[in-house]
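Next come two complexes, and both contain chain A; in the first it sits with chain B, in the second with chain C.
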Partner chain A sequence: MSAATDAGGDPAADGGDPAEGEEPATVTDAVVGALQESDLRIVGATMLAMYLLFLVLTVASEGIGPRTVNALVSTWVRLTFLFAAYSTLALALNLHWGYTGLFNIGVAGFMAMGVYGMALLSTSPDAVSGMGLGLPLPIGVVGGMTLAAVVGLLAALPALRLRADYLAIVTLGLSEIIRLTLNSATLSSWTVSTFGFGTGGGSGLDLPDTPTDALFAAGGPLDMTFPLVQTSVVRRAAWVVVMAVFVLLVYWLLRRVGNSPFGRVLKAIREDELVAQSLGKDTRWFKIKVFMLGCALMGLGGILWQGSQGFVSPNSFRPIVTFYVFVAVIVGGSGSNTGSIVGSILFVGLLFEGPRTIGSILGNALELGGSPGTFPAAVAPLGSLDPMPLLAYAVGNISAFRFILLGVVLVLLMQHRPEGVLGHRTETAAAVDLHRSGSGGETDE
Partner chain B sequence: MGVNESLQRGRAAVRGKPFLFLAGVAGLVLLADLLARLAGVEVPITAERSFGGSLSALRFGGLVWNGIVVGLIFGLAGIGLSMTYSILNFANFSHGDLVTTGAFTGWGAALLIAGWGGSSAGHLLSVRAGSGAGPNAIGASVVQSPLAILVGVIVAAVATVLVTVAADRIVYKPMRDRGGIPLLIASIGVALALRYSIQFVYGARNRGVTATEGVGVPFYGVSIDLHEITLVIVAVGLMLGTHFLLQRTKLGKAMRAMADNKDLALVTGIPTERVVTATWVLGGALAGVSGYLYVLERGTIEFNLGWFLLLFIFAAVILGGIGSIYGAIAGGLVIGLVHEVSLIWISSDFNAAAAFVIMILVLLYRPEGLFGGVTTA
Partner chain C sequence: MSEPETNVPEDADVEAPDEPETQDSPVEQQAASVPAEIPLRVRNLRKTFGGIVAVDDASFEVEAGTITGLIGPNGAGKSTTFNCIAGAHTPDSGTVQFQGEEITGLRPDAIANRGLVRTFQIARELAEMTVLENLMLAPRGQVGEQLWKSVTPVARGDVIEQEAEIRDRVWETLDFFEIDHLAHQEAGTLSGGQRKLLEMARAMMTDPDMLLLDEPLAGVNPTLEEKLLDRIHELREQGYTFLLVEHDMDVIMENCEHVIVMHQGSVLAEGPPEEIRSNERVVEAYLGEDEL
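Now for the complex of A and B:
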């Protein structure tokens, strides 16, 4: 947390990669260095810090009373939900960008493919909006991930030849094409008449219940009232546990991939594609495979996140979602799996949920009264030295501030700490892991 | 530009040929279909689909005209994007929000002059952020207040230039020697900050701006929109001006030299920083004016307007070849025409997607642009 805020304005952190074994130059570096001993500890500490921050914020907004516990647990569950959602996506993006150097800014589109693929297979045929085949959920999830991977393949086959900035524009264009296509009313009715399933167009698509919901159904093992917290919160928490398991699985998978000979080639491509080619590696094929894997994981992330809310519409997949995931990866430092998770936690806590909560607390605490409807109405009283309307307006429009803050953080990070809060943690492309003996198989890909 | 790269490009072109061939065939079929439709010939193929059909020349002409109007906007905004892309070597994702900046500041000034005395200055300057006098009461149109519209153009240019140069000083200048990707990411940050600052000041409401009274003029049986005529005149004028600036002045020569070969330009003694600033000034001004003109044409304004245009502008720039301003203009016209004329075949759900598909195809098969990669001006 302190690292994130320090990093922005710290000119000493500017510049190239600090050499290995160098004395920590700044307080930030020293703190980070001490924390770096254990990845698990960093993640745990960051999460704990966020929970404590929101404990304070919740108590500040709700006061202490009988409903505080429910509000607090509900906040924590929502936080953890977003931690897990962004972590999955950030890990997948890190596989593309951090490991292989593929600048994919079409994350939202691949998420959409995952969710819609899952829904078209698993939503029941008599859903209110949209129509699916009603197949079991695991088939839907695998199908959605496969669809995302196939779309990734179609994009990757030609696009991976391109320069990084062209790839960025192509993937952004692709994600917009996907969103516009899903939004289309024409396609919605056409698919129903032709294939027997429909996207629902702009009015969205009903999704199957999450598997954990069965636990709370009438007659299920958890069909009861809970002390202090509402059932809906516990229900949500149960799903969040499932998501956390998936994050661990993805993390484990990516570690395996990263440490395998396959992963070493990926890092070599990131460092210098020509060298990797000279060593006889068909880099194009590697890039296609890793692009598909990352896209499938983005599809999974989409399913876990947008796919778990009972309903989805194309509006959930605007390009801004991609930029959120990007900020999470950049905050944590691209190239590091742990960094992606830490970055997601910091992003959700400090940049995404934090400003909104603080805004509502300020709004309540200051008793600002009605916020003026427009900026001129808010500024005009400044002439008579009355800043309150402007303040009320600012608090009322805190969501705009959240985006401005996001933009400023992005710029400051790129200027002063492009390697992210955890410092330079990009894994080396060396064949032999210097910290561990006998890691990785020796079979060639 | 190593041998390897050109080899790769050559190989890519060969590999791309079957697809190019297919694309060419598809284009010919569409052209034949279009001609058949215009001639009123219909050849049924299946029960639902048929080749040809009927399409009145009037509707076709209207679509082409709309395409040209929108295309000029894409092209005008694209000039700046193309120049910064080639001179500073990064894709500026905040360019769309510069377009929005010009739209709001310019229309604030135009409404202030057009509606002077009739409504509060705050209401006018904030481009009708709250409730108050409606667009027709304010009367901002070429017919009722040509001076206000003209002043708006100038204010849009000046204000956008100020924002652009400030962004360069604060954000891009300290990272001048970084690669394209860090600058690209920083420009996404600038885009977010700028867009939501605009939302904070001007509000998120999509609202009408221009007065419509007397703007449509009958002309030999068709109605001509004077705002569109204004747009075409101003846009073409600015494009010509840019052409002369680049070809006839020393500054233009320096800019072209920078775009061509930065190191050589440095060695020759060109003050690169000054040229970079001039590039931002020119690009920002054109972006701002294009946003202002876009609102003149469509009549409504919202804070997302430029962001929605950004991909089209990118498409125009890529189509014409990055670095070429003539390419950007031609690319803008092509994308504009694709966007409008494709409505003959596909529903309006997909015409934006069609423009993006064209962009992606060009990036994949002819990344140097349709006009053969002339990178100078």
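Now for the complex of A and C:
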């Protein structure tokens, strides 16, 4: 709230470019400015826009028919699932990178630690692949987060003494070490007397059911047929609600961390660590604590996402996941918690799911023939003014084009709005309103 | 060779045997804690970077409640000395004592927490934080710097209470330095002189016992310079001690009670400004006529 008034009341402070900061330069700026009054409204509006976009896309691909509602709801649930998953991770990364300036590019590794930690504690001992102790899920979740935090600590102890780019290399390396270790057959099953333990190696690991699944089990309160939508979709939606609650909790927590003296030191470390030290802050501890907290939240993000699908394998934790989370934070604007959520929504909707959906719609609508095998084969018919093979090629390789799109968007963003959608905002790092007390927020300017 | 300086220690190696002044016996120095009147005592400080000797056996002390100037031509080792005192560099040898305690080689934060706080030659404002946040950051012993206290609802009350106190102090400080009109601006948007004021204000918010100011007037326009110097004098009257690195001779001569002149890494002369002004060796060093 105070952050919003600050941003609204002092446009010159944004972006650091006083010449352009006076008035919204473009329509986008003006829209963004108008929406900024309430964080909830921004997030809500962005989500609504994505839902509408996918409403159009779904109708375009399915047509209007008896199955449309189910398809639409299913799409929305999948979207929301990804929104929530990326939001949790982006919030955690924003704590590291946006708030403290710690360049952690090992997000996927810490997610994996969370999921596997949870699984080893909570997966049933007689699972088909992998083995766990079968403990209750909350213990598994806390255990997974703790494991992620401890691994974070191990990485942080040597790495935080180094400069930012070295931390990046260490975390990236660690994340790959984690993935390859989980992939190795050596640890796939491991029995000590009667205790079985195992990661399942490359064949993956069975995970416990999500708690919401119990509602839909035979005899459960929601054991019924739903009108228009399939039960599996509703079941998924129930879990997405749980995820959304977690996102709110994480948001609340990080906002609280940000608006505190602790968060102020984090910001100072990001800006200039020597200054923070010269003011008597032992920055080492701040960095270690914040690194562990962020890693635990990344573990949580992993559990909510990859841990909720009944099965997980090391392939889910390739470095590309880290890259995606970074894109979400960059789009949203690093340093802003609300921005991280908005960025996640935009990333999932426009860059991740959007191109794929559009690709499949095009594929269906145009009744393209088989995609040509090579690029020259796709381009050559252009000579005879036949664009269809090229289009078919593009649609057939839509996932590769997604990367090109990502790259283009990032370049454009860096050039035109490097601070991201909401990154220019000042979220004041203090636990109280900093206006002169007594004068009711009045500043004598 | 010129007459030995009237005042205290001769540190130039050339004239090693020195008549023992009150504080010079090494035994005494180790045994008794330094009287509170000498908060800062630097002994035989040496710092090299590769083959370059930046500070070579520099010794001096700063008396309580004074503005002491540290001057010298470019490359005399002032800033390095400063960084060694403040902990940004670890000296190769020699000792630094603050209020009777050895602080040589401690981390910058440990030194700052003992009440010896520095500013930087090139103002290092926290650019993307507002002036208010810059100042709110500074106070020592903030409860809310403990993560769990900032987060848990039970402890949060104390944090908020302290934050409100600090905020009120911040506004007083902003008023004192007359930068209250900039309070909500991001520090990166301030002018060079305003940044220097901000640095001073921020350092004051730590409630230090002694301030190390590294060229506080560099790049400051004359009006602001006046203001800054007024503030420094006012604070000195309140009992604060200052060690000022400056390269502008006139500023030092007009504002300091005691002047230490460094040249080629060691202390060339020290004394009250009038004496320094007429000291031949100082004049030579400044005119670069060492070869004479």
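Just so it is clear, the second predicted complex is superposed on the first by the 395 of 445 C-alpha atoms of A that agree within 3 Å, B and C clash if a C-alpha of one lies under 4 Å from a C-alpha of the other, contacts with A are read in each partner's own complex, and residues count from 1 in each chain.
Please note the rule applied: contacts are C-beta pairs under 8 Å (C-beta built on N, C-alpha and C of every residue); 3 or more make two chains touch, one makes a residue touch a chain.
All values derive from a computational prediction rather than experimental measurement.
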Which superposed partner A:Tyr166 touches (first chain B, second chain C, both, neither): first
Contacts of A:Leu174 with chain B and chain C, given as first, second, both or neither: first
Touching partner for A:Val257 - first (chain B), second (chain C), both, neither: second
Which superposed partner A:Leu274 touches (first chain B, second chain C, both, neither): both
Which of chain B and chain C A:Thr283 touches, first, second, both or neither: second
Shared chain A surface residues [contacts with chain B and with chain C]: 274
For the chain A and chain B complex, residues of the former touching the latter: 103, 158-159, 161-166, 168-170, 172-174, 176-177, 180-181, 183-187, 274, 323, 326, 330, 373-377, 379-380, 394, 397, 400-404, 406-411, 414-415, 418
For the chain A and chain C complex, residues of the former touching the latter: 6, 9-10, 12-13, 16, 18, 253, 256-257, 260-265, 267-268, 270-272, 274-283, 286, 289-290, 293, 335, 426, 428-432, 434, 436-437, 443-445
Residues of chain B defined as touching chain A within the complex: 4, 8, 12, 16, 90-91, 120-123, 125-126, 129-131, 171, 174-175, 178, 180-186, 188-197, 199-203, 311, 314-315, 318, 347, 349-350, 352-353, 356-357, 359-360, 363-365, 367
For the chain C and chain A complex, residues of the former touching the latter: 86-88, 107-110, 112-113, 117-118, 120, 124, 126-130, 132-133, 136-138, 140, 142-147, 150-151, 156, 159-160, 163-164, 167-168, 170-171, 180-181, 183-186, 188-189, 202-203, 206
